[in-house]
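For reference, chains read A, B, C and D in written order, and residue numbers begin at 1 within each chain.
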Amino acid sequence: MQALLDELVEKHREKGQDGKLADYIPQLGEQNPLALGVTVHTVEGEEFSAGDCPVAFTLQSISKVFTLILALMDHDEEAVFDRVGMEPSGDPFNSIYKLEVDSPGKPLNPMINAGALVVSSLIRGRTVDDRLQRVLSLVRNMADNQEIDIDSAVYHSERATGYRNRAMAHFLKEYGIIDDVESTLELYFQQCAIAVTCDDLAQMGLCLARLGVNASGESVVPRELARLVKTFMITTGMYNASGEFAIYAGIPAKSGVSGGIMASVPEKMGIGVFGPALDEKGNSIAGGALLKELSQTLDLSIF
Amino acid sequence: MQALLDELVEKHREKGQDGKLADYIPQLGEQNPLALGVTVHTVEGEEFSAGDCPVAFTLQSISKVFTLILALMDHDEEAVFDRVGMEPSGDPFNSIYKLEVDSPGKPLNPMINAGALVVSSLIRGRTVDDRLQRVLSLVRNMADNQEIDIDSAVYHSERATGYRNRAMAHFLKEYGIIDDVESTLELYFQQCAIAVTCDDLAQMGLCLARLGVNASGESVVPRELARLVKTFMITTGMYNASGEFAIYAGIPAKSGVSGGIMASVPEKMGIGVFGPALDEKGNSIAGGALLKELSQTLDLSIF
Amino acid sequence: MQALLDELVEKHREKGQDGKLADYIPQLGEQNPLALGVTVHTVEGEEFSAGDCPVAFTLQSISKVFTLILALMDHDEEAVFDRVGMEPSGDPFNSIYKLEVDSPGKPLNPMINAGALVVSSLIRGRTVDDRLQRVLSLVRNMADNQEIDIDSAVYHSERATGYRNRAMAHFLKEYGIIDDVESTLELYFQQCAIAVTCDDLAQMGLCLARLGVNASGESVVPRELARLVKTFMITTGMYNASGEFAIYAGIPAKSGVSGGIMASVPEKMGIGVFGPALDEKGNSIAGGALLKELSQTLDLSIF
Amino acid sequence: MQALLDELVEKHREKGQDGKLADYIPQLGEQNPLALGVTVHTVEGEEFSAGDCPVAFTLQSISKVFTLILALMDHDEEAVFDRVGMEPSGDPFNSIYKLEVDSPGKPLNPMINAGALVVSSLIRGRTVDDRLQRVLSLVRNMADNQEIDIDSAVYHSERATGYRNRAMAHFLKEYGIIDDVESTLELYFQQCAIAVTCDDLAQMGLCLARLGVNASGESVVPRELARLVKTFMITTGMYNASGEFAIYAGIPAKSGVSGGIMASVPEKMGIGVFGPALDEKGNSIAGGALLKELSQTLDLSIF
């Protein structure tokens, strides 16, 4: 495995040249486009790393998995899926369009931004900070790493430039899908700015692969929810390249525009990948290619 | 297992009252809405049936799985996926809309009608009948049943009323995605009218579950393609309820408006279901519910 | 003429029962649905009124005509129409959809809300209040009534509930179409809350009919702009019933959800109508019917 | 006037270099892109021509005006506007999209292809040829030229390549908006292939300008319908550049992809223009520019 990971990192690292850094906030645009790292944690307790793994990066859209888990711990499924759908969209990650054509205001699924805003609005807590602490606590428990925290520079940049998310939040308010625009946005910008490493992502992927049990053996996510989010990861986890990724990699994965990907192979392993240069769909260009080859080589497909 | 199937048939049969028979052709509208049958074939060679299993019905959209396999045996993946996408759509099965907004004329995936027409146009053969015989041959081999054939009354009805499919075929021709409108439609109407039973569907589902090996032990579908179509079955197999079905059943399945569903549990079993009353998304209302409970009871989810 | 107006008011007043008051802010919902008034000012200097004319109401969307004039006085046409299109939309007045499908972020025309926000953002002035005073000044000059002012209760209500407009403004900011979200919204909510009477609307319609010359004989709108806005009034002035209104009335008109309509018959007359009960497209149900019959009776169609 | 027309032809002729000939059928692609002609017939009986006026070309979309008149002579307005809307679309002339999102299957207006197909299906006659003769008869009467006839090479080419129109006709059949697909298409392809000259277009424009009275003094179009079609010409006559043309020319006009434009200035004149090189919206690039300048110079705007 170690040799394989080393080889894959070297093989795919250069693909970063064909990708593009996210540049809507300065912190993302300053990354090294050739950075590439991967960490694997197996159910047998083995751990392998190759490439640029110590680098920290922010969760961005990967956070949508964790807030969905928390919202479903806070409410029954009906209450959540009354406000956000379950269907893949075939639209770009930041599309506002589907809000209007389908049942008025109901986002198609929790992995598009509009849906993730709805999910964030459902997380319980007295204040925004209480709610953030609950998200952080879930993330820390899944990763078995109590050091995980917000990257506050990224948070402030997101907050200052998030016009599209502000637009969507007001739109959702107009339709009565969310209650409070400002606190929802605040939590959303913060959850996106949670900083992690490949190791953290691999641990969290493993936790989902073990149906909610983390590295310390604690059950931190209900078994049913560990399954449910892996389903969304397969159908909608890689923006509008999810279908293609499901075909060529065949494993549940969720990406973020920071270049991170968290993958979870049921009953086998968790994988964390980082490669900040993105393809045109918004997924790590080198990281996605590495994961596809890793899955094919190790026959990891769930199909 | 037998007791479980008997119980599930009795429990879910009445849901047919809340559904609606497809009525665009007379043959579908004349079914008994309370009919419900299920057959399971396991990798261990066991077979179980409950309810109305001897009833024959037509494949309809389930045929899209088989033509996709054949098109990918006839052409390399690039040639096929240049003309039809891989992404789930979140749109109704009969939407023409996505043809125009995305890259001009390219249907989003092979499981929507427009995409299935493209796929049918790619199947090799000198005449329409040659091509149909190749589809029939694949279906017969997968089901290990050489008796399978066209229901010619259904075929003629489809042909007489298929205005929407005719519209889409002309649209695809306009964009240069297909070559010959009439032969494509002819093959498409015929493939939809292939008549099968729950037993056939279960055998075909098992063949996919065994990565292409049928009940007689022959490898009739390439291993990679057996995987690929199960991926499409998860992301797009149940029309625009695919996401919901993936969450609550967690197994690859493909439905048709005749009320049939073919499900395939990797390395475990194939399942054939028939219940002609449909829910508003076009899936068997009782059959879908039965499958969800069967999967949950036996813990069949691939996630 | 007086007899005709009296007759038309009595004939159409009851249609208010089939309409619906706008109810997104309390001030609009409290109107008398059977109120109906009409005032006509002719180029010959005659003036006729019938029904409930002393009632004051707010301009709402009618204000879009005046801000467009002002933006085109402040910038050359290219600068304005680079940011907002000229084409009718066939979509409801409050649609956000067209923002995304056409050239990114550019609203189709200045009479839909998104386009009107762009227009408001282009009005010159050091502060929001400066800019508002310039709008008020134009409106007062066109109506030849220096008493016209903001209804501040309506303004505050609009401001408190305008989530959809906030959504659109953030969306426009995301695309770089407008610069400052808050000042744009502030001006927009204020311009919508300018209070007028049927008499004012008739004077303003007359001013446009006389190619920019008001009742005192002053030229307050450039001749070309008086023409240009009448064109928009024909193609897009009555929301997505503009086509129908053009066919049956044949005169440039602009309506607002307060129930006001300003009509301008080139070289002949200005007409102000008020009837707060709206049809499903958002136009005064009784007012629209009255205008159609008035136009047909007097043969006012420009076609 | 003669000098003005001569000057405008010379001034705008070269714009043809920046345009593109329609090339979906060979006959249109073989035109001279620098051809430009204009003919004016005034209500006073004067006639002026400049440039390439003897050239014959086909009506294409201009025919939609005449079939709409005939359908409204054959049926009352409600029967027609139940099946096709009155609203401008803001979409390209060949969009199929609006069919699905609005009320199912009802095209937005009679000037888009889908709407024109509906209109053609409503024209009375025992056979397709009877119906065509009635269209020809109206066109000949309006132009006061009994020689007008079909260009049968163009008709056969249209028929052989009209996949998009076939697609739309089948779609309309699916929704029950039209009855017979083949006869509707047949008539449609034929009406598009009616061959005329600038002189014919100017005569027909004059007939509409005189509220239905042709050059011989006969009333060949009901007064109300002459008005109604001019309204559609303003709101939707120049494809999705109609809004812009209304602003800069301000006169009712209808264009076709052959490069013809028929304009009608109420109570003043009819204008026929021909310039086969098209802009990106599908209108004659030189012809449109010539008409705008002609209207501005002579102050022809109806606004």
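A few notes on this one:
Everything below uses one rule, namely that contacts are C-beta pairs under 8 Å (C-beta built on N, C-alpha and C of every residue); 3 or more make two chains touch, one makes a residue touch a chain.
Here the structure is a predicted model, which means the values were calculated and not measured.
Of all chains, the one whose Cα centroid sits at the greatest distance from that of chain C is B. Mean C-alpha position of chain A lies 46 Å from that of chain C.
Rounded to whole angstrom units, the spacing between the C-alpha centres of chain A and chain D is 54.
Distance between chain A and chain B, defined via averaged C-alpha coordinates, is recorded as 32 Å. Among the residues of chain B, those in touch with two or more other chains are 101.
Pairwise chain contacts present here: A-B, A-C, B-D, C-D [touch as defined]. Those residues of chain A lying in contact with chain B across their complex are 85-91, 98, 108-109, 227-228, 230-232, 234-236, 240-244, 246-247, 250, 252, 266, 301-303.
Looking at the complex, you find that chain B touches chain D at residues 95-97, 99-101, 163-164, 166-171, 173-174, 181.
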